[in-house]
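What follows is a pair of complexes built around subunit A, which joins subunit B in one and subunit C in the other.
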Partner chain A sequence: MAKSNKPIFWGLFAAGGTVTAFITPALALITLFAAMRFSPDMFTYGAIHAFAAHWLGKLVIFGVILLSLWHAAHRTRVTVHDFGVRADGLVAIVVYSLAGLGTLLTLYYLLYI
Partner chain B sequence: MNKPYVRSLSKTGWFLTQPRYKRYMAREVTCLFIFAYTFLLIWGLKRLAEGPDAFQGFLNALHSPLGVLFNLAVLIAAVYHSTSWFNVTPQAMPIMRGEEFVPGNIIVGAHYAVWAVVSLIVLILGV
Partner chain C sequence: MSERQIQLEVLRYNPETDSEPRYQSYSVPCLNEWVVLDALNYVKDNLDPTLSYRWSCHMAVCGSCGMMINGEPKLACKAFIHEYTDQIRVDPLANFPIERDLVTSVEDFITKLASVKPYLIPKSDQPVSAGEFKQTPAELKKFKQYTLCINCMLCYAACPQYGLVPEFLGPAAISMAHRYNQDSRDGGRDERQEVIASDEGVWECSFVGACSEVCPKHVDPAGALQQVKVASTIDWYKEHLMPWMKK
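Moving on to the complex of A and B:
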């Protein structure tokens, strides 16, 4: 039987969808609170830095960003097609390059913290 | 000669013809907000890595009408993305127990329950 690498990518895509569905609303609520200056005690540098400095925190941040980034990138490619743009090759290069860049930057900043 | 096939649907506006196509596209568009939001998180991570002053600068930039509006839009898009997925899970991934399918409302309810617990954990960690 011919081997295919599709199951791996579909698995990652599904994982990204799951992460996005379960976690992103709560994350967006937190950053909305931060944007509104809901409370001065929340979203402090000390607390967030401590979370991101721990290896487990780094792993969680990297996992969430990686999965939602590539999931959103692939869906953006499909969405652009659905809006009638027939330049899939170019669109794919743009969205996956953005996702790749985002992944590298996330790794760099996490190692820097 | 046969009449040539004339495509009656517009390539760009096809989804406006039916409510369920509109709902499909509304769900599709949520990914643009989530894509942009992920880059907001990466930007925040950059400012966090640069130190307390840089991170405070990030928070100050976030504390603007545009920052509030963007986060509100992302929140609405994310909730729409989540609920529109949870509501179709019985069709998307039906579960069999023995000879019977597990009732749809149990599958949907389980997703909402897990969502509530996960959101609570994220909120407790983040706030």
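Moving on to the complex of A and C:
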């Protein structure tokens, strides 16, 4: 029996799941604080911009967005299957294309800063 | 001892005479401490000797009496009457072809279980005179939980993925492979991976987790499969990105 190539997508999915489990709640909380006008100096536009302009900051942001996107793509693929849509090939192309497009756009915007 | 009159609705099917399965209802006087298996035995002994079902130990060890009780995969010897209302529906294990009444055909599971080589494959041949393979308690703890599997197939009946894709190797077989892979005395992981790491192997699992919920021995097959996925993913990256690591 041939070994599967699914580890490519599952690896991104698993890593993305771990990252989003830790990062997303924190991001949601920080966004909520900002919306309530409670944002320490650390989260001012200038500070965040400086973070995103540094190569290490770019790497972190790229990693978080890339993994979250591929996690969401794979999760959507499996969920659509669970909802009874039996067109896995087509669904996979659509969701992974979206994740790929998002990855490229992230790369573009990060390099643009 | 309190007694309750239970309506037992049992699926009957004899492929030689019946065109399709049907339900037959039996009124059974059940003692409160009975399990569903006791009720079935009462039917067999007193009401209808033609009823067919598998059982042996009556103590959740042999794994023979798996069936659907009110739609849930259960061991009939572990399903207490006092946990149910006065009407209990009993079906054969889901996802398996019916042989007769509550007896299902287990060929598919046995073939899959055998395909993962569920036995110790020692790293090197060693004469008996060399003594036993020793193991520390910590090494034993790594896999002990997976040795508790009794091959009752409740996890296959619970797994929606196995229902959809009958080729899927399934929870118990992969957990059993994991049990031997984790054993410090074993060296057979590469052989097992040929089956486990295929599309029909662990990658068909979508982590629904129903297998672990229904497991009567708390083996946690879903957890085993996740660990197998992580290990198989690391294998894949090693094989494709670091081919010089190959043995």
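Keep this in mind: the second predicted complex is superposed on the first by the 94 of 113 C-alpha atoms of A that agree within 3 Å, B and C clash if a C-alpha of one lies under 4 Å from a C-alpha of the other, contacts with A are read in each partner's own complex, and residues count from 1 in each chain.
In the analysis below, a residue touches a chain if its C-beta (ideal position, glycine included) is under 8 Å from a C-beta of that chain, and two chains touch if they have at least 3 such contacts.
Predicted model, so just to flag it, every value in this text is computed and none were measured.
Peer 1: Using the superposition on chain A described above, determine whether A:Lys6 touches subunit B (first), subunit C (second), both, or neither.
Peer 2: In the superposition, A:Lys6 touches subunit C alone.
Peer 1: So, A:Gly17: does it touch subunit B (first), subunit C (second), both, or neither?
Peer 2: The answer is first: A:Gly17 touches subunit B but not subunit C.
Peer 1: A:Leu32 contacts which: subunit B (first), subunit C (second), both, neither?
Peer 2: In the superposition, A:Leu32 contacts subunit B only.
Peer 1: Tell me which of subunit B and subunit C touches more residues of subunit A.
Peer 2: B
Peer 1: Check whether A:Val78 is in contact with subunit B, with subunit C, with both or with neither, and answer first, second, both or neither.
Peer 2: Both: A:Val78 reaches subunit B and subunit C.
Peer 1: Of the residues on subunit A, which ones does subunit B touch that subunit C also touches?
Peer 2: Common interface on subunit A, subunit B vs subunit C: 78, 82.
Peer 1: In the complex of these two chains, what residues of subunit B are touching subunit A?
Peer 2: 10-12, 14-15, 25, 28-29, 31-32, 34-35, 37-42, 44-46, 48-49, 52, 55-56, 59, 62-64, 67-68, 70-72, 74-75, 78-79, 81-82, 85-86, 114-115, 118-119, 122-123, 125-127
Peer 1: Along subunit A, where are the residues that touch subunit B in the complex?
Peer 2: 17, 20-37, 39, 42-43, 45, 48-49, 51-52, 61, 65, 68-69, 71-73, 75-76, 78-79, 82-84, 86, 95, 98, 102, 105-106, 109-110, 112-113
Peer 1: Applying the document's contact rule, which stretches of subunit C touch subunit A when the two form their complex?
Peer 2: It comes out as residues 160, 193-195, 197-201, 203, 206, 208, 229-230, 232-233, 235-237.
Peer 1: Quick check on the complex: what are the subunit A residues that touch subunit C?
Peer 2: The contact residues of subunit A facing subunit C are 1-8, 10-11, 14, 78, 81-82.
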